[in-house]
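The same chain A turns up in both complexes below, where it pairs with chain B and then with chain C.
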Partner chain A sequence: MISEQLVDLSRLQFAATAMYHFLFVPLTIGMVWLLVIMESVYVMTGNVVWKDMTRFWGKLFGINFALGVTTGITLEFQFGTNWAYYSHYVGDIFGAPLAIEGLMAFFLESTMIGLFFFGWDRLSKPQHLLVTVLMAVGTNLSALWILIANGWMQNPVGAEFSYQTMRMEMTDFWAVLFNPDAQAKFVHTVSAGYVTGAMFVMSISSWYLLKKRDLAFAKRSFRVAAAFGLASVLSVIVLGDESGYTVGEAQQTKLAAMEAMWETKPAPAGLTLVASINEAEQKNDWEIEVPWVMGLIGTRSISKEIPGIHDIKAKNRERIVNGMVAVTALEALRTHRDDVVAKQVFEQNKTDLGFGLLLKKYVVDVSQATPEMINKAVNDTVPRVTPMFWGFRIMVGLGFAMLALFGMAFYSTLKSNFMEKPWLLRAALWMLPAPWIACELGWFVAEYGRQPWSIYGVLPTHLSVSTLSVNSLYGSLAGFIGFYTVLLLVEMFLMVKFARMGPGSLGTGRYQSEGKSALAAAHV
Partner chain B sequence: MFDYETLKIIWWLLVGVLLVGFAIMDGHDMGVGTLLPFVGRSDLERRVVINTVGPHWDGNQVWFITGGGAIFAAWPLVYATAFSGFYWAMLLVLWALFFRPVGFDYRSKINNSTWRSVWDWGLFIGGFVPPVIFGVAFGNLLQGVPFQFDAYLVSTYTGSFWQLLNPFALLAGVVSSAMITLQGGSYLAHRTEGVIQARAIKGAIGAAVVMVLAFVAAGLWLQSIEGYRITSVINPSGLPDPLNKTVVREAGAWMANYGRQPLLWVLPALGVLGALSAAFLLARRYTLSAFAASSLAVVGVIGTAGASMFPFVMPSSSMPSSSLTVWDSVSSHMTLGIMFWATMLFMPLIVIYTAWAYRVMRGKVTAAYVQEHDHAAY
Partner chain C sequence: MNRADQRLVKRLAWVLVIKLVLLYGLWWGFVRDQRVTVDAAGMAAQALVPGFETVKGENK
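Now for the complex of A and B:
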């Protein structure tokens, strides 16, 4: 049997490397459009400060991009190295968007980024702008394909299990492509990236403004970031609501855990603002609720019920019991492919196959599962409520705080009085980490909330791992953490250094920070 | 449009195309990385070397990423079994590659000799280690790898990392490393001038000699190595089921394809002649032709390995009937078809805009260029 320690370490390694990767991705996704905006203004007006803005913010973009690439390599291969059974079981569907991501998006993005940095003297203005636009398109397309892959993990449409090949096989590519979960996730995730890019530029510009440095440069950067940020944060919140809706349809479990909804409430359900969660007794000791709102968000109606955790578990119990029959029949079929009786039994119960496989965590021969094991498997089907509930709330809270900040910043750019509001500039500076925290929590809620499945309802996480030794996992995990920590420190060092140097680091002779930066560079 | 059997063969060819594309494109960047500490003696010289690949290495690296993705999509069992079986080898490749994006981008951002020299060695590791490990991996595939499947098709690898480092595999690692160094040296000769070019040519010619000797030695050794042969009847258009066949190991089995199809001898010949012509052309400063010849050598070497093993992709030494072949490790008919059309659609576009990028950046990279672009160049 697969040891739980191996599963936990494999999950930890994936979570660590993926969340680390996502420190760099949202900034890339968002900042690339700010570069497009700045360079477009340069091409239209010919004002060289806009070129300098494109190049300076582009420099910081490049420092971030390097680690995005570094950490991205790991993710393309980690399914194979650490999740071999997963790769076999769903590769027929999951591999395709990953490969298309490479062909359609990564090549474009990575080829154009070279020309973006090195092509200034060799391309005409419109040609260079085209390069920047293509880089942005490539970057955002890569987000599309990886979220199609991820959306399929949450809501596995367009595929069917084949007992002959012992895996899921694609039956409808368009269903995988236009999976509502994937589409909602895509717009929500890229919008979150846009917010991150805007916050980054606005925060650092605010710092220059507070220091009264390079004002012409910093004011323009602040204005662009405030406008782009406001539009993006509105999009995140509105489209985040859309992903709440699709979650409601495809994954009621995640919704119930996120909302600490133990019992099914009469429709339309209220939205719990805060609660004291009692995980042991599976109830909330107290909660503060806004009537109706959850029902409206979750079902887009006032009459549909959203099932609570207890009801979901009761339904899952039936599916696990059916699943036991499916697993037993499947094993008979794998021994004798022409066993007609087993085939018939299997076909009748195969929609619950994944639920039967949940028992593999506790027993090799699933038909021998005891009622106690079934109870455990039933309990496994809902993730722990506390981290889901609070993770989600902190993310949403940060979203609204950023809405307030970008709203005020944008309003003050219309009034042209942000220079007289140091508190606003300071708030913008201190809010810098907010989008990153919100992004990471968003992924946490989405992926922890999918447990115990790697593919919801199809393949338990427990079965998905590679058959590696626990020592190998300790070794690789230590290696990744060590490498990534050093790289992050180096990246932060350079990022802070160049942000401090400001546009003077371009060496154009047009900025007041110039002399100091040359000196600093010589002495490091 | 295509039947299943045809698609299975097309995908064997396409994976070959992706591997060759990777070795030609990312290969020359890695070769430049391998040569970096030796052809660039001062900081300025090293910057010249690095900036020959500066605008392109990132796009070229996508051949590796896409190769991984395509194997996942087309041969999921190979992706799963090989990468988990070769766990530590794979991690070494990934960790070596970590040095490249940061090495390229961060190296010249700070003017400090220790800082720059650390990243230079990082770029060397990122260029040198992966080709050696890929060669070693191919050397092991040719001998078979100890893994097996159970009825659920869970693969278990029973070997260790150290046993991958056997003499034949290490020889294959030498072939691969020398081939990539030749590729990088030819490219560097084309994009530089003066003393750096002279050193690059010297390194490349040396690499060509080593490659040819090691490649021929490996070929002779292969005659006596136990290859694999399917002994049961295979239905090439059947559903993939790697447990539904019998396989034997026998010495000389890898030569069988050449007996059946003598035309295949073109491939090893291309490997040898390509490398020798590259060396010959470099000595006469025909650098672009040398790069083309070196690229043909890559086609020859990778093609030789593939043709010897066909239809095997990853033979199992501990349970030969678990071996993975082009017939039974593939995706469904539908997925192979979709991925075929996606590749046909995007591959020409990739070639077009990559060629454009090289055209824009064409010409020799010189010390003057680097000094003039001190703040923007790598």
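Now for the complex of A and C:
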């Protein structure tokens, strides 16, 4: 049987690299639209401060892009090395959006980024604006294809298993493309990126305002970021609600774990705000609940029930037993292709094949599984509740805190009195890490909540992993973490350095920090 | 492009080069030899009973 240490290390390596990668990604996704807004105003008004804003924030965007680019490639290494069985089993479907992303979106984005930075003196104003818009489109298309691939892992539609090739084969490309999970995930994730970009610009602008430097530049940047941030954070919350609904439809175990919902409650279920979770006894010792809300979010109705963990496990037990029949029939079919009875039995039970394969963690021959092994497999079907419950709540809490901040900031920009509110500027500065923490927690909830599956309901994680040596995994894990940590430190060093220099680093002669920045540049 | 920008471009170019070298090093050290070939028979061996042989002439 496959070593649990191997599975855990492969998961840890993928999680670590993905989480590092996503420190860079949301800022790129979000800032690019702020650049579009700033440059559009410049093209429309001809006011050069807007060009300076585009160039300065574009410079920070460029640092982030240069440091972040290729950090995702190690994830693709791992599909081949650490997840070879996964790649065989679902590569026909999963590979398609990844390939399209590389060919279509990444090349568009990269080409336009080159033109953005080196085209200021070579392109007309509208041409350069078009480049910036295409750069934004490319960046967001890139996210779209990646999230279509990820959405399929959460809700594998438009495909079916072939016993001849022992893999999933695509039956409907459009179903994969318009997978509701992927679409909800895409809009939710890019909106979170927009919030990240807005918070970044607003925080640094607040610092300039607190320091009373480059005020015309900083005030405009603050206004744009506050308005864009408010619109984005509202989108994140509304689209997060849609994401919650799709999770409730396709991934009941994830929803139940996020809500620490052990028992099926009468419809419409209440939303648990906080709870003392007792995993050992599979119950909440106490909880504070808001009536109706969870039922409305999860089912969009007041009459549909949301199943609790105990009921889900009971259903999963049945599916595991059916899955054992499917696995046995598949073995028979693999030996005798013409076995009509085996084929019929397999066809009847193949939707539960993945559940039968969950037993491979405990027994070599699934048909020999004992009731105790089945119990263990049933328990595996629901991820640990405590990290899901609190991870989700911290993410949502940060989302609402950012809504309050952007709301107050936007209101103050309407009243033109944000300069008189240093507490607001300080709050904006200190909230800088919030969107990154929320994004990382969002991914944690999405991916940890998918366990024990690599493809939800289809392929268990422990069967996806390659049979590598544990030592090589320790080596590559250490290498990746070292590599990413260095990149992150360089990113932070350059970001802090150029943020401190401010628009004076453009060398236009229009900013009060000019002297300092020129001096600093001379000593770099 | 002013002096600070030129220095930034140079630094970012170095970062990109070092990144590519490091990525190549990681690939060379840990990925290159880790070839796990999986076909239908290999997948069957992983997911079904080990030692379980597939029929001859199967489409891999």
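We take it that the second predicted complex is superposed on the first by the 522 of 524 C-alpha atoms of A that agree within 3 Å, B and C clash if a C-alpha of one lies under 4 Å from a C-alpha of the other, contacts with A are read in each partner's own complex, and residues count from 1 in each chain.
Assume contacts are C-beta pairs under 8 Å (C-beta built on N, C-alpha and C of every residue); 3 or more make two chains touch, one makes a residue touch a chain.
Since the model is a prediction, treat every value here as computed from it, not as a measurement.
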Problem - When chain B and chain C are modelled together on chain A, clash or fit - result: clash
Problem - chain B versus chain C as contact partner of A:T189, first or second or both or neither - result: neither
Exercise for the section: Tell me which partner A:V327 touches in the superposition: chain B (first), chain C (second), both or neither. Expected result: second
Practice task
With the two complexes superposed on chain A, say which partner A:M501 touches: chain B (first), chain C (second), both, or neither.
Solution key: second
Practice task
Name the contact category of A:V364: first (chain B only), second (chain C only), both, or neither.
Solution key: second
Practice task
Mind working out whether A:I63 is in touch with chain B, chain C, both or neither, as first, second, both or neither?
Solution key: both
Practice task
Report for A:L487: first if it touches chain B alone, second if chain C alone, otherwise both or neither.
Solution key: both
Practice task
Would you check which partner chain A:T28 touches, where first means chain B only, second means chain C only, and both and neither mean what they say?
Solution key: neither
Exercise for the section: Classify the contacts of A:S87 with the two partner chains as first (chain B alone), second (chain C alone), both, or neither. Expected result: both
Practice task
Scan A:F77 for contacts with chain B and chain C and give back first, second, both or neither.
Solution key: both
Handout entry: Of chain B and chain C, the chain that contacts the larger number of chain A residues
Key = B
Exercise for the section: Considering only the stretches 7-15, 25-33, 43-51 or 97-105 of chain B, report the one that runs into chain C. Expected result: 97-105
Completion exercise
Where chain B and chain C land on the same part of chain A: residues 62-63, 66-67, 69-70, 73-74, 77, 80-81, 84-85, 87-88, 164-167, 331, 334-335, 466-468, 472, 475-476, 479, 483, 487, 490, 494, 498, 505-507, 521-522, 524
Practice task
State the interface residues of chain B toward chain A in the complex, per the touch definition above.
Solution key: 54-59, 61-62, 64-66, 68-70, 72-74, 76-77, 79-84, 87-88, 90-91, 94-95, 97-98, 100-102, 104-106, 109-112, 115, 151-157, 239-241, 331-332, 334-335, 338-339, 342-343, 346-347, 350, 353-354, 357, 360-361, 373-377
Exercise for the section: Would you pull the chain C residues touching chain A in the complex into a rising list? Expected result: 2-5, 7-8, 11-12, 15-16, 19-20, 22-23, 25-27, 29-31, 34, 36-44, 46-50, 52-55, 58-60
Exercise for the section: State the interface residues of chain A toward chain C in the complex, per the touch definition above. Expected result: 2, 59, 62-63, 66-67, 69-70, 73-74, 77, 80-81, 84-85, 87-89, 164-167, 327, 330-331, 334-337, 357, 360, 364-366, 463, 466-468, 472, 475-476, 479-480, 483, 487, 490, 494, 498, 501, 505-507, 517-518, 520-522, 524
Handout entry: Residue numbers on chain A that touch chain B, as the complex places them
Key = 55, 62-63, 65-67, 69-70, 72-74, 76-77, 79-82, 84-88, 91-96, 98-104, 106-108, 110-115, 117-123, 134, 162, 164-167, 169-171, 173, 331, 334-335, 466-468, 472, 475-476, 479, 483, 487, 490-491, 494, 497-498, 505-507, 521-522, 524
